[in-house]
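Shown next, in structure tokens, is the structure this report addresses.
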Amino acid sequence: MSHDALREQVCQANLDLVKAGLVILTWGNVSGVDRDAGVMAIKPSGVAYDALRPEDIVVVSLDTGDVVEGSLRPSSDTPTHLVLYREFPRIGGVAHTHSAAAVSWAQAERDVPCFGTTHADHFRGCVPVTRRMRADEIRGAYEHNTGLLIAESFRERGLDPSDVPGVLVAGHGPFAWGHDVPNAVENAVALEATARMALDTLRINPDARAIDDTLLERHHRRKHGAEAYYGQGKA
Amino acid sequence: MSHDALREQVCQANLDLVKAGLVILTWGNVSGVDRDAGVMAIKPSGVAYDALRPEDIVVVSLDTGDVVEGSLRPSSDTPTHLVLYREFPRIGGVAHTHSAAAVSWAQAERDVPCFGTTHADHFRGCVPVTRRMRADEIRGAYEHNTGLLIAESFRERGLDPSDVPGVLVAGHGPFAWGHDVPNAVENAVALEATARMALDTLRINPDARAIDDTLLERHHRRKHGAEAYYGQGKA
Amino acid sequence: MSHDALREQVCQANLDLVKAGLVILTWGNVSGVDRDAGVMAIKPSGVAYDALRPEDIVVVSLDTGDVVEGSLRPSSDTPTHLVLYREFPRIGGVAHTHSAAAVSWAQAERDVPCFGTTHADHFRGCVPVTRRMRADEIRGAYEHNTGLLIAESFRERGLDPSDVPGVLVAGHGPFAWGHDVPNAVENAVALEATARMALDTLRINPDARAIDDTLLERHHRRKHGAEAYYGQGKA
Amino acid sequence: MSHDALREQVCQANLDLVKAGLVILTWGNVSGVDRDAGVMAIKPSGVAYDALRPEDIVVVSLDTGDVVEGSLRPSSDTPTHLVLYREFPRIGGVAHTHSAAAVSWAQAERDVPCFGTTHADHFRGCVPVTRRMRADEIRGAYEHNTGLLIAESFRERGLDPSDVPGVLVAGHGPFAWGHDVPNAVENAVALEATARMALDTLRINPDARAIDDTLLERHHRRKHGAEAYYGQGKA
């Protein structure tokens, strides 16, 4: 059984990431999952975006990580994506970038505070930064452990990955996800934009405060869940 | 009676907002009013700009907010626009964005000071930030109350919306308006540009001072009112 | 006698300013002078750049400021340009913008320090900011007085406009000039770039020091005067 | 014997530098070396990028600096490039820019700290800034001495130019290099991006710390040396 539709969608999502200005050189990759088929499709490692075609997208087993379809080597971040799909069973796509503002917060090892409704529309509260990885985690299955570190952060803080579809890995950069592949890209774009705004907010007012919980909840519900009234609704 | 000309103009204005770099994802909407016909035309909710056509623009009653023309759902910010047209009887267009610098000032809950003639050409004095909304305002008719909050700010500060065609809603972002639809877009662009410059001005000199009132008045009169001598004059 | 070549050159220079990203809305204008013919050509006031054609460029008398050729109203900044050509007899072109970083320094009322060779290649020492204009200067022939203020700044500081081809008018923005029209645009681009770099230099190191005079002189001479060895030389 | 392939490659690399947004006006130049032929190819001085063709690229002797092929004058920075090829025998290309963030660090006279994996993927530790040049070095063979200053910095700090393929010349700007010409451009892009991120990292957290050595080594080895597992491998 082929996975042409998934590869097509993942290829397009990788190009959308570039179009949104989130990618420098080849730093970024988007994946998508087909849980019924037990596979994940992801960008090949270190391939230039100009030349990226659906047939370059690599399909791997969600279970073993083995290549199922495609002749190129999958992204070196593949094990991180795989862990995220296993740990967060309701997500359908993952987007990893080195977008400038989000990386800056990750390098500063600070959560991005929820300073406004732009943030609240996508992330229900601050976007967390993980702890630093320990030396043994780095020396071992590094990319796999990156995924476990993200899952640990969400577990320890009691966060639902559907409420907060993104994270900053300390000293590294952002991972965003979504209920499907385009939504993962959208959340990556939103994370970069809100990270940039949060940075400038603090420059204007170092004592800026997060928005009130009532406003956070209102905005999040405008776009998410049964009461959502943003957009044209589900067909 | 159809409203093709208004829809065409509002469609174009929404695309101009994108061209000016003020829109991320689908965060932004422009409306225009036909006061004689008692209607407002506005962007549909959550529709991608690439695909936006005049026939997608939704026409609603200025009085009731009911859809008069168009098959899509109007922007979720429609009630805010309606209140602005009712409260500010001389405005002809409204542009709402989440442009980065203006949002940062809104999140910092600081007025944008009038640091220069770029600002004075468009805004006669600082661009005000509203107070935070109360929980009851947020839980109730939120978007409607956002409009009332803006009107309250102008009333309490004794500001004329024709002199200061823009505002920052605390923890949210900018609304700009104008005597017609293109002028609303122009003021949204000017607000973002002056917000960015004000931010950098403070970085260079934290004690930067507003320009003198004489200069403020001179520049504002260059572009506005009976003595205006900027541009090619009215035909 | 017609001035087609000058109008063509000034039209192109205005478009180059836009292409270089220095212009927001219609904020900017370039002029060129023909001293033998006693005329200056300048952008018309408030005209959109998309539609700008050589025949829109307005030619005025260098002496009286009266329109000599062209059917549109010249830029409202025309009197400032005229004073600069009269006061600085060796310049051939003037470019005025509201480019973001240069405006920020003008609003901060700080000279742009010569922090590096990028700056020294174009400006022999810091780019000066003028004093604020007095109320009587603003209420009178404001644009004319802006030109006089610039000339006063150079006279009082003992600066040669050929060495330092640019200035910041306090609370307003940059004017740059050059030995010809393209060189005026080049200096406007260099001023914005070095203003941006100077701003970020201070963010990294608030105690950053200007470069040594030996380096300043070396770099300035690489590009200017009899010993210049940058570029392909004069044909 | 002609050097068409090298000129073609160097021309393309100069255009890639522009495409990556690293070049303002004509500030930037890329060179490539053919060590077997004993020549270096470099951009001509002060030529606009729009018009740059392979036949404009100037080929000079690696030994004497004399022009071997081409009718234009080579970049005024040619002597710096020549010294770098002689001092760093394993590099194949050099890219010099005045890209904004890297220049800001050079002007601030601060090393760019290794705040994250984006940096570590390209530079094994901080990117060093040189000392200021002495007056006698500036007055003498200035561009040649710039190259010697860079080599001195690496020698004194015990840095391997293959590990840290870039430097900031104090009060001037960045030079980057690589094992071949495209790799030099890639490192110039990476240096600008990481310089920008480092600047913003410090704005968010003035006490931000460099990443742990274990993570630095891991990331550097992912892309470099015998154990590299990023990309599609060597054919």
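Labels A, B, C and D are assigned to the chains in the order they are written; within every chain, residues are numbered from 1.
Note that in this section contacts are C-beta pairs under 8 Å (C-beta built on N, C-alpha and C of every residue); 3 or more make two chains touch, one makes a residue touch a chain.
Heads up on the chains, UniProt names are A, B, C, D = L-ribulose-5-phosphate 4-epimerase.
Small disclaimer: the values here were computed from a predicted structure and weren't measured.
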Chains touching both chain A and chain B: none
Residue-number overlap at the chain C/chain D interface, same or different (half cut): different
Distance from chain C to chain A - Cα centre to Cα centre, in angstrom: 46
Centre-of-Cα separation between chain C and chain B, whole angstrom: 32
Contacts with 2+ other chains: residues of chain B: 202-203
Pairwise chain contacts under the document criterion: A-B, A-D, B-C, C-D
Chain A-touching residues of chain D, taken from the complex the two chains share: 115-118, 186, 189-190, 193, 196-198, 200-205, 208-209, 211-212, 214-215, 218, 222, 229-233
Complex contact set, residues of chain B against chain A: 24-25, 27, 44-47, 72-73, 76, 98, 100-101, 103-110, 132-133, 135, 138-139, 142, 171-173, 199, 202-203
